[in-house]
Amino acid sequence: MTTIAPEVGNSELRALLKYVDKRRHRKNRIMKWLVVAAFVLAMAPLLSVSWTVISYGIERFNAYFLTHSMRGVYGGMDAGGVYHAIVGTIEITLFAALISVPVGLLTAIYLVEYGRGRLARWVTFFVDVMTGIPSIVAGLFAYALFAVILGPGVRMGAVGSVALSVLMIPVVVRSSEEMLRLVPNELREAALALGAPRWIVVIKVVLRTAVAGIVTGVMIAVGRVIGETAPLLITVGVIDSINFNLFDGRMMTLPVYVYGQFQQGLVPCTEGQANCIATVAYDRAWAGALTLILIVMLLNLVARLVTRFFAPKNLG
Amino acid sequence: MSTIQSPPAPGSTARSGTEPSGSRRRKRSARASDRGASRVFRWLATGAGALILVTLAAVAVFLVVKAWPALSMPSDELVKQVGLLRNSTSLLDYIGPLVFGTVLAAALALIFAVPVAIGIALFISHYAPRRLANGLGYMIDLLAAVPSVVYGLWGALVLSPKVQPIWAWLNETFGWFPLFGGKVSPTARVLLTVAIVLAVMILPIITAVSREVFLQTPRLHEEAALALGATRWEMIRTAVLPFGRSGVISAAMLGLGRALGETMAVLMILSPGFLYSFHILEAGQQQSIAANIAAQFPEANPIGVSTLIATGLALFVITLLVNMAARAIVARRKDFSGAN
Amino acid sequence: MAQRIDVKDLNIFYSDFRAVADIEMSVEPRSVTAFIGPSGCGKSTFLRTLNRMHEVIPGAHVQGTVAMDGVDLYASDVDPVAVRRQVGMVFQRPNPFPTMSIAENVLAGVRLNNKRISKGDAQDMVEQSLRGANLWNEVKDRLDRPGSGLSGGQQQRLCIARAIAVKPQVLLMDEPCSALDPISTLAIEDLIAELKASYTIVIVTHNMQQAARVSDRTAFFNLAGTGQPGRLIEIDDTATIFSAPREQATEDYISGRFG
């Protein structure tokens, strides 16, 4: 028993073919504009944030700002800069990278070159899970670690670095892993067939081929943690002057600087008071934010240039 | 025998790693014949992998160790010694409103972010010209590059003043609705504002994962829908969305995890309180665990620090569970792909 | 009361590349027409222009007319969505929607138009279409199970049921049996013989024996060379094509000298 298709004459067919179901087409059109609207909606905060940071931050952003600390600055004084914060940020982040890159890279090598079976599956799963650790928990962990080992109340730059490296390691693992997997197996096999021991193959062939991509990945990871505030707030604290020593005393960092200035709020200047700017703290905060964003952008830009100029062209 | 891995784009947040296949045979003999430096190197690499697991365990262990004084002390003792707890009867009583505030803010952020993220992901995967897909995706990813402290600044100093009139209007017109009740704040430093900023912050990750999933819809199913006489939206509704459902859920959970753990946006924007309050337009109502820790940590005495670390432990466990569930969903759907 | 298809001066393009050139042919109503020819000669491409699926690919377009009962499917006031409703398609690989049950799969196309069908009507439609696809007896006890749980041959019949549920005029089949085992293939071929009483059927096939078994008329396509567009070489009654074709190229292909 088969279904009989409806008999249609010529004019009926024409009507059927021309029939445009307005409701369905209208819904189709509405959905199209909705998804476009969603995209535009997402761009709005991006544009607003960028515009605000640039236009407010540019006011105090100059050579003076970048080369002076907050030593001796108080109240509504028209003074103060981020030099100490830049130093702190660079040192702490570099030290964090020093911890994260070897661990992250070796883990990635393990996952790609050696890992089979249960351990590798657990490692891969938990690396993913690690990307979700709240930054403040990482800070608490670093604090707890040093408190147990060195006693409570410890505040130094290195503690912040440990906190940041907990956040950095999973990112380094993921991006390095992708880069290592891009290296074609033929290269490995050719090297092995020439009689090279495994570790030479990994280091001299695989790593060397993937190095540009790995460097890019590391720089992007640095760009992500350089803006972390919460863990540094609780581990490294706040000071006004320059401290070059990672292992002794507090250091200022850029994101904490921005937060600190924000916390100070408006200065209660009296009418006509000399050398008192009511919004000076907010102005410094915006300028600090601009500095921070510029550093992040610079890192991303250099990362992209490294890929463009140093990555082997025929990879992937 | 060789296999070439198909690479995910660098920087993509979705997991797609596969092992170089065909090397299982080689691996067994390689392991046996690894000598000297090769063996050392392999141990180093394996050790690094194990270190990941050790680190995660260490986080849990050290947090518990430092939180133990507060966890083990009887409630009345604790309340006496810790200034933070002066309005509470016990640690649990203290944590309760904090968990409430954290979850409420994150849930609101999710409600705002998920529909927009799905829309953007659909836009990039099925509406915009394919060659623009990467560029558009990059623009959304830029949202993730902005540091959270900058979002906090922007939220407190730029967004709050702008939305205040709207919140006032909402409070006036819809004050009967539980969320919009109470006395509207003149500064708009309230949970609804925080929720919006959180939504912006978690948008990139939800969009990225959803986009990956939508792009993987088998062409065959899309064509089947079109051949039945479906409009583009109907095709998406029939073939793309059902296929991507579990992926979108996983994406949303990842976003939830981020929103739960976010500190600075809440710290800088919200005017906090310690109530179980649904009034998201009123100031001084809620507080999140993370923001509370950041705010109180510098001044806390040792037992206070213990208490705060205990709250941090709670946050760690909550986000751990959410993230593990999210990743497990993605892992499961990889095996059952739905396409023959 | 016929659903014949007349194709005139049809040229099919992918952006600037002309993939198929100068097609002129007719498909008789209530018959089975087979398209045969070597790989890459444009049979599937041409098939897809008959239900305006070709233009789904960005940059793809056609010139010429494809008329059904005198109505040009490519006229400017004709809605492609409506065309695809009237001209159904079954694909090479069975593609039931994985997240839907068998019953939901059958009704998938119907639901697009009429949001509200009463439960009774829906059940009748499901049974009617599944009977029409010779699948009813095998699945009537598990209509709520997922469509992907069936064997390959059953899945393909499910797709056929889904296609005929919307009551099209024409059924297009793009190598429907190439992914199936021989027994399922035979089942589908028997089904085609039954379906032709109600539908006009066009089937693209790589398998010449299948074309000989199943079709009333056969069209042979070929490529002049790489980079050249495909062309219709010859179309005639199946018996003629396979015993005494007019063109030498057809004869060569039939006897396996190339292809």
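Miscellaneous remarks
In this document, chain identifiers A, B and C correspond to the written order of the chains, with residue numbering beginning at 1 in each.
In this text, contacts are C-beta pairs under 8 Å (C-beta built on N, C-alpha and C of every residue); 3 or more make two chains touch, one makes a residue touch a chain.
Just so it is clear, the structure is predicted and the values come from calculations on it, not from any experiment.
With centres defined by CA atoms alone, the chain at the far end from chain C is A.
Chains A-B form the pair joined by the most contacting C-beta pairs.
Work out the mean CA point of chain A and of chain B, and you get 15 Å between them.
Centre-to-centre, using mean CA coordinates, chain B is 47 Å away from chain C. Rounded to a whole number, the gap between the C-alpha centres of chain A and chain C is 52 angstrom. Shown for chain B are the residues that touch two or more other chains, namely 231, 234.
Residue positions 81-83, 85, 112-113 of chain C each touch two or more of the other chains. Across the assembly, chain A contributes 24-25 as residues in contact with two or more other chains.
Contacts from chain A toward chain C in the complex involve residues 1-10, 13-14, 16-21, 24-25. Against chain C, in their complex, chain B makes its touches with residues 129-130, 218, 220-221, 223-231, 234, 238-239, 242-243, 245, 338-340. By the touch criterion stated above, chain B contacts chain A in their complex at residues 2-5, 7-8, 10-11, 15, 17-20, 22-24, 27, 30, 34-38, 40-42, 44-53, 55-56, 58-59, 62-63, 65-66, 115-120, 122-124, 127, 136, 139-140, 142-143, 145-154, 156-159, 200, 203, 207, 231-234, 236, 254, 257-258, 260-264, 267-268, 290, 293-294, 297-298, 302, 305, 308-309, 312, 315-316, 319-320, 322-324, 326-327, 331. Note for the complex: chain C touches chain B at residues 51, 53, 56, 58, 81-85, 88-89, 91, 93-95, 97-100, 108-109, 112-113, 148, 155, 159, 162-163, 166. Residues 1, 3, 68-71, 73, 77-79, 81-83, 85-86, 112-113, 128-129, 131-132, 164, 167-169, 194-195, 197-199 of chain C touch chain A in their complex.
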